[in-house]
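Two complexes are shown next, each including subunit A; its partner changes from subunit B in the first to subunit C in the second.
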Partner chain A sequence: MLDTTIILQILWTSLATSSYYVLFAVAFALVLKVTRLFNFAQAAIMTVAFYTAFVAVQWLHWPAWAAFIAMMSTTLAASYGLERIGFEALRKRGVSVMFVFVFTFMVSEFVAYLAMLIFGTWPQTIFPGIFWPVTLVGNIAISAWDLPAIGVTVASLGALLAFTRFTRIGQFMVGVADNPDLAELYGINKRQIFLVVMLIAGAFVGLGMFLYGMRAQVLPQTGLSLMIFAVAATIIGGIGNIAGAAIAAIILGVIQNASILVISSEWQGFLLYIFLFLAIVFFPNGLRLPQRRSRFGTATRERAAEQGRSAAESKA
Partner chain B sequence: MSEFSRGTRRVARGVACIAAGLILASSAFAQDTFRFGLAMPLTGSQALYGQDQVKAAEWAVAEINKAGGVNGKKLEMIVLDTQADPQLGIQTANRLVSVEKVPAFVTAWSAVVKAVAPIANDNRVVELSVGANSPDIAKLGDYVYTTFPLADVDIAAVAKYAATNMSKKKAAIVYINNETGSVAAEVYKKVFTAAGGQIVANETYDPKATDFTGPLLKVRAANPDIIHLQGLVSDTPQVIAQMRQLGLTQPITSYSAAFNPKLIQQLGAAAEGVIATSLAPGAEDSEKVKAYVARWQKDVGREPNGLPYTQYLYDAPYMVAAVFKSLDDKKLPITGESFRKEMLAMRTFDLPLTGKTALGEDHTVVKAVYLMEVKDGKWTRKAVVGE
Partner chain C sequence: MEYLYGIVIIVGLYVVLATSFNLIIGYGGLVSIAHPVFFALGAYASALLSRDVGIPVLLAMIAGMLVAVVASIAMALPSLRVSGDYLLIASIGFQLGVLEVIKNLRFTGGPGGFTNIPPFLIRDFGRESYVVLVLAVTLAVILLVRWIARSDYGRAMSAMRDDELAFASVGRDAMWMKIAIFGLGSGLAGLAGALYAHYFRFIAPEQFEILQSAAILTMVVVGGLRTTWGPVVGALLLQALPQALTFLQLPPSVLGPIQGLLFTGLVLVFMFFRPQGLVAAEDVWRGASSRVRKTGEAT
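Let's turn to the complex of A and B:
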C-alpha cells in the first residue's frame, strides 16, 4: 500500500483540494483578527457567491468570465450589506460577542433556507460538467482544475500580503488588528477598515466558492459544512494568526487524506474533530513555534502607527 | 332601508336553507364516501418533492372518481402537511386517526414513517409507507406496511447481477459513512459473497469529504473487477469523476441516487458504463408512464421532481381503492382492522405506473428492479431483476 506513487498522489490531490479551504480559512481568520468577530455569516456569503455563479451560467447562459464578475459583485455587495447593516449596527449597540455569534449563525441559516426555497434541495454545480481531464506526470494524475486552483490561491495570498505591506489601508488594517482603540486614537478610521476587511474576506470566499463549484456539487447547506473546516483551521492555526490558518488548512487536508495509509477510512472524517478537540483543550492559542518577535510584523505595525499619526495630524 | 333589510333577510334565509341542504346532502354523501389520509411535506425543505407527489396522488384520485369511483362511491383523500418533520407528522397522524377517522393513511420520509408508527399500531389504522426506504420500516409493527421497496432490495439485485450475470469475481465497495451507506455496503457484501464473489476492498468516506483520493487509491491497489459506489446524490458524480481521473476504469454500479440525467451531463464520457437502479419502470418501458410524463409536461410544464417516487404516489390511491372495493363487495365494515385484513388477503396488486406489487409476510414488498446503464451518453435499460 505504501508505494511512492500513492503517497505522492495523495499529497498532490490534497494540496490541490486544500486551495479553497485555504481561501475560506484565510477569510475567516482575517475577519476574526481585525474585527474580533467569529463570522459564521461567511457561510451565507458562500451561498450567495455560489448561487449567483450558478444562475449566471446555468439559467442565464452567461460566459464564465461574466458569471465570475456577477458572482464577485453580489458577493462584495452581500459583504458590504452584512458589515454596514449587520455588524456596524450591532457594534453601535454594544452587544456581546455571543449575540454577534448568534446573529451570524442566524444569517447563514436564513440564507441557506432562502436558497432552498428558490433553488430547491437538488445539488447544483456552476458549470454543467464537473469532470476535468487528467494529465499523468510520472504516475501522478494531475487534473486540469488542480494547477489553476493552486495558482489562484497562491496569487490571492500574495495579493493580500502585498496589500497589507505596501498600501496605506493595508497597513491601517494591521494597526486596527493590533489595537483598534489605539489605532483610532492615531486617527485611523476603524469603520472604514472593518468594511475593507469584510470586502477582502468576501472576495476570498467568492474565489473559493467559484473553485469549489467548478468541481463539486453544492446544496444550500454546503456553505455551513465547509465553514467547519475553516473554523478548525483558524483555531488550530492559532486565533488571530492568518498565515497559521492557511498553513493549518493545508496540513489538515493532507493529514486527513494521507491518514488512510495508516488508519481505516471510516476514521478519516473523525480526525478533524480529534485535532480540533486537542487544539482547543491543549493549545487554545494554536500550535506555535517558540515565540519570536517578527521584525516584519513590528515594522509594519510601526509604519501603520506612524501613518495613522500623520493622518491624524493632517486632519487636525 | 327597511325594504332592503327585509330583502336581505329573505336572501339570508334562502342562503341558510341552501347551506343547510348542502350540509345534509354532504353528510348523506359522506356515508357513501371512502376516505383515506395522505400525510406529506407540503411546505418546508422537502416540499419540492412532497408537492409533486401529492399532485400525482390527487390526479389518481380524480381519475378513479371520474371512472365511477369505488363501486359508484366517491374516493376522498384528506391531505395534510408533515413538512417531513417527525413531530409534525405525529400531529398529522393523530388528526387523521382521531378527527378524520380514516381506516388507512399514506405517508413517506423514513423519519416520519417511524415516528407515526405507534399511532397507527395503537389505533389499529393502516399506515402505508410510500417512498421511504429505511430497512427498519419492515419492523415497525402490525399496522405498518410499505409499497416501496426498502433499501436492501436494489442493492441485493445489483450485487447478485454483478456476480452472476456479469461474472465479476472481485468487487470493491466504496460507501458514504452514514447509516444508509453502511447498511447498503453490508447488504452488498453479503449478497456478492453468497453468490461466489470476493470483496477485495471495502472503503468509506466522510459525508463532508470533498476529496476521495485516499479511499479510491486503496481501491485501485486492490484491483477489483467491479466497483460498487453507495453515495448520495450530492457526492456520487464527484466520486465517479475522481475514480476515472485516478485511472479506475472498471465498471461502476450504484443505486437509485445515481440514476438521474444530470450525472451524464456532469461526467460526460466518464459516465459511460455506470450502472444504476430504478425502482419503477420508465417512459420507455410503459405506455402508461409515457402518458403520465407527457401529462406533467403538458399540465405543469416540466417533469416531476423525483419521477419514480411520484409514480408510487400515483399508484397508492389505486391500491387503497382496490381494498375499499373488496371490503364493499363483501359488505364488510370499513375499519382499520378490516382494511388491514383485506389488504393482506388480497396481497398482490396490479398498479398502473409501477406494475405488480406483492406485499410480503415480513412487511416488505417485492418489486422488479430496473438496472440502467449509461451507454452512448444515455441511460439505457440493461436488465430487469425480479420481474
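Let's turn to the complex of A and C:
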C-alpha cells in the first residue's frame, strides 16, 4: 500500500543517489561543451578511480582520507595522460570525430579488461560494508551517506560555477566553448584550456565514483553503464547546457529509483537504455550547441574576450 | 575432425561478421558497436522460430536475418535522423539493452542460454555439408560486398561518406542510403547468427557481449578498412590468436580479459601507428579538417 511516507522515502533516496549521477553527467557535458568530444573514456577514468580507492582501502588498509587522495591523484593523472597522449595527438593528426569516438570507447574497454584481469569479475566495494547508519527524520530514513553526498555534490557544482564566473581560466573556458578558433585568435591557449577541462571532469568523475563505490557494488564494466546514464542526461539536458545535464540527471535518477513501485528490480537497469533511446528520439536538440543569450553568458564571454585580448597585447 | 570443422565454421562466420561490418563502418562510414547484437538477434530468432514455433530451419534462418534487418532499421532510423554521432551512442545502448532483455526473458532461456536448437543439414548430410554451406555463404558475402563497393551504388556510398553535404546537394538522400547500408550489414550479421545457432545448437547472452564488438572492430581495423580482403585477413588472424591462447590452458577468468586486452589493445595500436590496417589502404580516418589543411598546403 502506497502512502506519503513511502513516496517521500523514495524521493529522498532518489535525490541522494542522484548525487553521483549529477557529477558524472556534468563531467561528460563539460568535456563535450568545451572540447566537442563524446568522451567515452570517462568510463575508464571511473574504473581507475574506483579500483585505486578499492586497493587503498581493502588491500593497503589506508584510512578513507588517504584513499581519497590516492584516488584523486590517479584520476587526475589518468585524465592528464588521456588528454596529452591521446586527445592532443589525435587533434594534431586532424582525425575525424568518429575516430576519437572509437578511440575513447576502446580506451574504456581496454581499462575494463585490465581491471577484470587484475581484480576479477566479481563485484567490489570501496569499504567492506555498503550499509550506512540511518537516522529517522519524521518517518524518513536518512543514511549517514546521504547528506555528505548531497553536500559534496552541491559544493562541487558551486565551485565549478564560481570557477567559470570569477576566474580567468574559467572565463577562457567559456570563450573556448563558444568559439575555439576565435578564442585562440584572442590569445587564449586552447591547449591549456582543454587540459584544465579534462582535469576538472576527472575530478568530478573521481568524486562521483568515490561516492558510488561507498554505497554500491562495482564491476569492471560498471563504468560503461554509468556512462549511458550520463550520456542520456546530457542529451536530454541539451548538449552545451551543463546545468540542464545536471537537472536531467536528477530527474532520471528519481524516475529510475521510483520505478521500483511499478516494475521489478531486474528491469530497473533496463530503464537506462529506454532513457537513452527516448533522449535520442524525442530530445535530440543537443546536436547543435545552443547559442545562449542570457545576460550572464554574454557578459562572461565579453569579459573572457576582453581578458584574452589584453593577454595577447601583453604578449605582443 | 569435429574440432576442426568447428574452427572452420567459426572463422567463416567471423569473416561474414567482419566483412558485413566493413560495409557499415568502412564503406558506409557509419560507426556502430551493436554488430554482435544483430548476430544475437539472428541466432535467437532463428532458434526460437524453429524450436518453439516449428518453422522449418531454412525459413527460420531467413526470418532471423529479417529480424536483424528490421531491428537495425528501428535502431538506426531515429539516430540517423539526427546525426551519425548519435548512431554510435544509440548502438551502445542497443547492444547493452537488448542483451539485458534477453537475460531477463524466460522464453530466451535467460542468462543460462537457449538449448536444443534444431540442427540443419547435419543429420541428413553430415557435418561436412554444414562446413560447405558456411564457406559458400562466406564467399557469397565477400563477393556481394565487393560487388556493392565497386558498383555505381558503391561510388555513391563513397561520395556520401566523404562529403555528405555535397552528396545531398546533388539531390541524393544520404539518410536512406545509410539506413540501407546499415540494414544490409546487420542482416548479414543476423544470417551469421542463424548459421551459428543451428550448428552449435546452444546460444547464451554472454556469447554476444561487448567483447565481440571489440573483436569485430579489431578484425576490420587491423585487417584494413574499405578493402575486400582486409576483414578476411583480420578475422583469420584474430581467430587464430585466441585459438593459440587456448593452448596456454589458462582459466576462463583470465583468458577472457586477456582476449579483451588483445582486441582493444590492437585496435588502439593500429589506430595510432597503422590506421590503414594490414591490407594497404589509404588513411580512411582522416577528417575534413585535415583534408582541408592538405588541400590548403597543396595550393
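The definition used in the following text is that the second predicted complex is superposed on the first by the 287 of 316 C-alpha atoms of A that agree within 3 Å, B and C clash if a C-alpha of one lies under 4 Å from a C-alpha of the other, contacts with A are read in each partner's own complex, and residues count from 1 in each chain.
The rule we apply is simple: a contact is a pair of C-beta atoms (placed from the backbone, for glycine too) under 8 Å apart; a residue touches a chain by one contact, two chains touch by 3 or more.
Here the structure is a predicted model, which means the values were calculated and not measured.
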item	value
Touching partner for A:R215 - first (subunit B), second (subunit C), both, neither	first
First (subunit B), second (subunit C), both or neither touched by A:T17	first
Which superposed partner A:S259 touches (first subunit B, second subunit C, both, neither)	first
Partner chain(s) touched by A:F131 [first = subunit B, second = subunit C, both, neither]	first
Partner chain(s) touched by A:G269 [first = subunit B, second = subunit C, both, neither]	both
Subunit B versus subunit C as contact partner of A:V197, first or second or both or neither	neither
Partner chain in contact with A:I228 - subunit B first, subunit C second, else both or neither	both
Touching partner for A:G120 - first (subunit B), second (subunit C), both, neither	both
Touched partner set for A:S143, first subunit B, second subunit C, both or neither	first
Residues of subunit A contacting subunit B in one complex and subunit C in the other	113, 116, 120-121, 225, 228, 266, 269-270
Of subunit C, residues touching subunit A in the complex	29, 31, 33, 78-79, 81-86, 88-90, 92-94, 96-97, 100-101, 104, 210, 214, 217, 253-254, 256-258, 260-261, 264-265, 267-268, 271-272, 285-290, 293
Contact footprint of subunit A on subunit B as seen in their complex	45-46, 48-49, 177, 203-211, 213-215, 217-218, 221, 233-235, 237-238, 241, 244-247, 265-270, 305
List of subunit A residues in touch with subunit B within their complex	1, 6, 9-10, 13-14, 17, 113, 116, 120-123, 125, 128-132, 134, 141, 143, 212, 215-217, 219, 225-226, 228-229, 253, 257-261, 265-266, 268-270
Residues of subunit A touching subunit C in the complex	38, 40, 89, 93-99, 101-103, 105-107, 109-110, 112-114, 116-117, 120-121, 221, 224-225, 228, 231, 235, 266-267, 269-270, 272-274, 276-277, 280-281, 284, 287
